[in-house]
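Each chain gets a letter, A, B, C, D and E, in the order it is written, and its residues are counted from 1.
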Amino acid sequence: MASSAIDELYSMGTGFTVVRYTVPGIKDIPVACKILFEDGECDIIMALGMPGGMPVDKMSAQIASTGIMEVQLEEKRHIIEVFVHEDEAKDDKELAWLSDRRAREHAINTYNLLFDPGKLTANAGAGLRQGFDDKGPAMDSNGYSHRH
Amino acid sequence: MASSAIDELYSMGTGFTVVRYTVPGIKDIPVACKILFEDGECDIIMALGMPGGMPVDKMSAQIASTGIMEVQLEEKRHIIEVFVHEDEAKDDKELAWLSDRRAREHAINTYNLLFDPGKLTANAGAGLRQGFDDKGPAMDSNGYSHRH
Amino acid sequence: MASSAIDELYSMGTGFTVVRYTVPGIKDIPVACKILFEDGECDIIMALGMPGGMPVDKMSAQIASTGIMEVQLEEKRHIIEVFVHEDEAKDDKELAWLSDRRAREHAINTYNLLFDPGKLTANAGAGLRQGFDDKGPAMDSNGYSHRH
Amino acid sequence: MASSAIDELYSMGTGFTVVRYTVPGIKDIPVACKILFEDGECDIIMALGMPGGMPVDKMSAQIASTGIMEVQLEEKRHIIEVFVHEDEAKDDKELAWLSDRRAREHAINTYNLLFDPGKLTANAGAGLRQGFDDKGPAMDSNGYSHRH
Amino acid sequence: MASSAIDELYSMGTGFTVVRYTVPGIKDIPVACKILFEDGECDIIMALGMPGGMPVDKMSAQIASTGIMEVQLEEKRHIIEVFVHEDEAKDDKELAWLSDRRAREHAINTYNLLFDPGKLTANAGAGLRQGFDDKGPAMDSNGYSHRH
């Protein structure tokens, strides 16, 4: 996932550096983010992980996400969490495809959040999803999109 | 949802400015709120989001809400959370209607909380709901309303 | 619920003032508590709310409670949470009765915690419940009460 | 439960004082612990409570535990949580027995943690449980105990 | 588990000291970690525990993990959590084997995180699991590994 994200980021622009920090498990991510913000001088972080499909893994993902939330608030900087749950895909092939696609789409969001936030407002309410096909905006009875 | 809320706010009064900050997902909302309070000089925030209907989305919503709670306590200012869960509505038409209505009703609450808090006390216990029909107050055996 | 609680408080003693702060939803309670402690100079707070019976409401109640916990720890002062869940009662009549009774019983606890903490120790282990009939203390095989 | 714990503590040694603080419900425990640490000059706390068996009680227990955790980290001192869930026992007699026994066993842990931590290391991995019969250590295929 | 971890650590290198702190239950771990970091001058901690298989044990594990997360963020140092849930193994023999193996594999991660972080990046995405057989990397349709 990291390679997909890095590849996508470099395809969007230049003038930034990517620092990579690998941890053994997803619950090790939050403190790594804190270290990257404070000692690695990062402005934004992509947190990539693949939680398993068992209940204990779901709990780990929740705790990891809660820690990621806390670091963002302490540092007042965004962390884009990119978790692909093993049970989101029907087989390994789809899992590989989904991981690559979600990492790339979140890389675009990460880039825009830092360098081009106006693009995000333009897409708000459009029902964009990271990985699977976009859901599309909700439509009202007159056929007008709920997106404004 | 943001347009509905903004439209409703401007219909209630003047003398305020709306600052809009769009993020890719609901878990990105809390740190955005913190930035808006500290760097955007906001007095109150409406946090609008539409969590999906899958268990993983419910977990994301919980983590987002927990972060929103934390920011409120750090900043000692209100954030009115306006989440419409995709599975609250039976189809896209109802979802669009619900999103619009809930955004507008919460916009009224937001306005009142800041400019006219007495109105909220007057409605306390009245069983008002945001979006669907109001449930009405609980009645006691004498037909008196439980609302005081 | 607020009126029941206030009525009960004033029936117990004098020399205190009640400040009321109404918010649109239960998740807005914690920051209101913080404002009441810091700006309203309150010594203790009763947090009254009626969460709905849907899963999303349960999650809201959990987040609200977590925030209420956090405010207590930051302020080192008690907040007596008085939540009546809509699905605790079989109909609106029982819900009205339960809300009134629980608010009153918690008002007594609130008063005692602040002005007469010894009374609480005397009741410890007695299985007192707020709202429904008291469960009574657990009995051991000799017929002695587990309450000491 | 408090009486069982106090009785056990005084049977183990002397040179300490027990301060008791009773609260109406388990969610009122954490801030009481904070007050006991900061104003009561306590070195360690036993937090005794009996959560009910309903889902709403389980949620309350979780929030109480989370607050107890937070206080420990803020104060850098241990709080030994002794919760007996009403649905752990098949009847009131067993509940009374379990409450007494668990309170006593945790009192021993509390005493050791403060005055004799080496005893805890000696028991690590022994599968000791508070209240019901000890589970015993896991055995490996050679009959050696997993306890070291 | 502690003995397995310590044995593995000493087999990997020298120049470090292991400090051991035993607590009665898993919810007592986080504050012990804080004490070890601040008073024991530890650079990294392995938190070893074996939560039971009942719902109440799962809740305890979640609260313990949340506290472990919080300590990491406060201290900006890693805690490698090594929990073996009793219901992960089919019998005591497997539980003993799993505990030993997971403790050893996490000991290797702990060592690398502190002394040789590059090795972790080399293994990222390889689907390594602690205890049971490694799952292996997800494969894409061309037979290429998703690992980069």
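Here, contacts are C-beta pairs under 8 Å (C-beta built on N, C-alpha and C of every residue); 3 or more make two chains touch, one makes a residue touch a chain.
Since we're looking at a predicted model, the values are computed, not measured.
Chain C and chain D carry the same sequence, and matching their CA atoms takes a turn of 70 degrees, rounded to a multiple of 5.
Chain A and chain B, compared by their mean Cα positions, are separated by 25 Å.
Averaging Cα coordinates per chain places chain B and chain D 40 Å apart. Residue positions of chain D touching 2 or more other chains, listed in rising order: 62, 66, 70.
Chain contacts here close into one cycle, and each chain has exactly two touching partners. On the side of chain E, the complex with chain A involves touching residues 58, 61-62, 65-66, 68-70, 72-73, 76-81, 85, 88, 106, 109, 113, 117, 120-121, 123-125, 130, 138-141, 146, 148. Residues 1-4, 20-25, 27-28, 30-32, 34-35, 38, 55-56, 59-60, 62-64, 66-67, 70-71, 74, 92-93, 95-97, 99-100 of chain D touch chain C in their complex.
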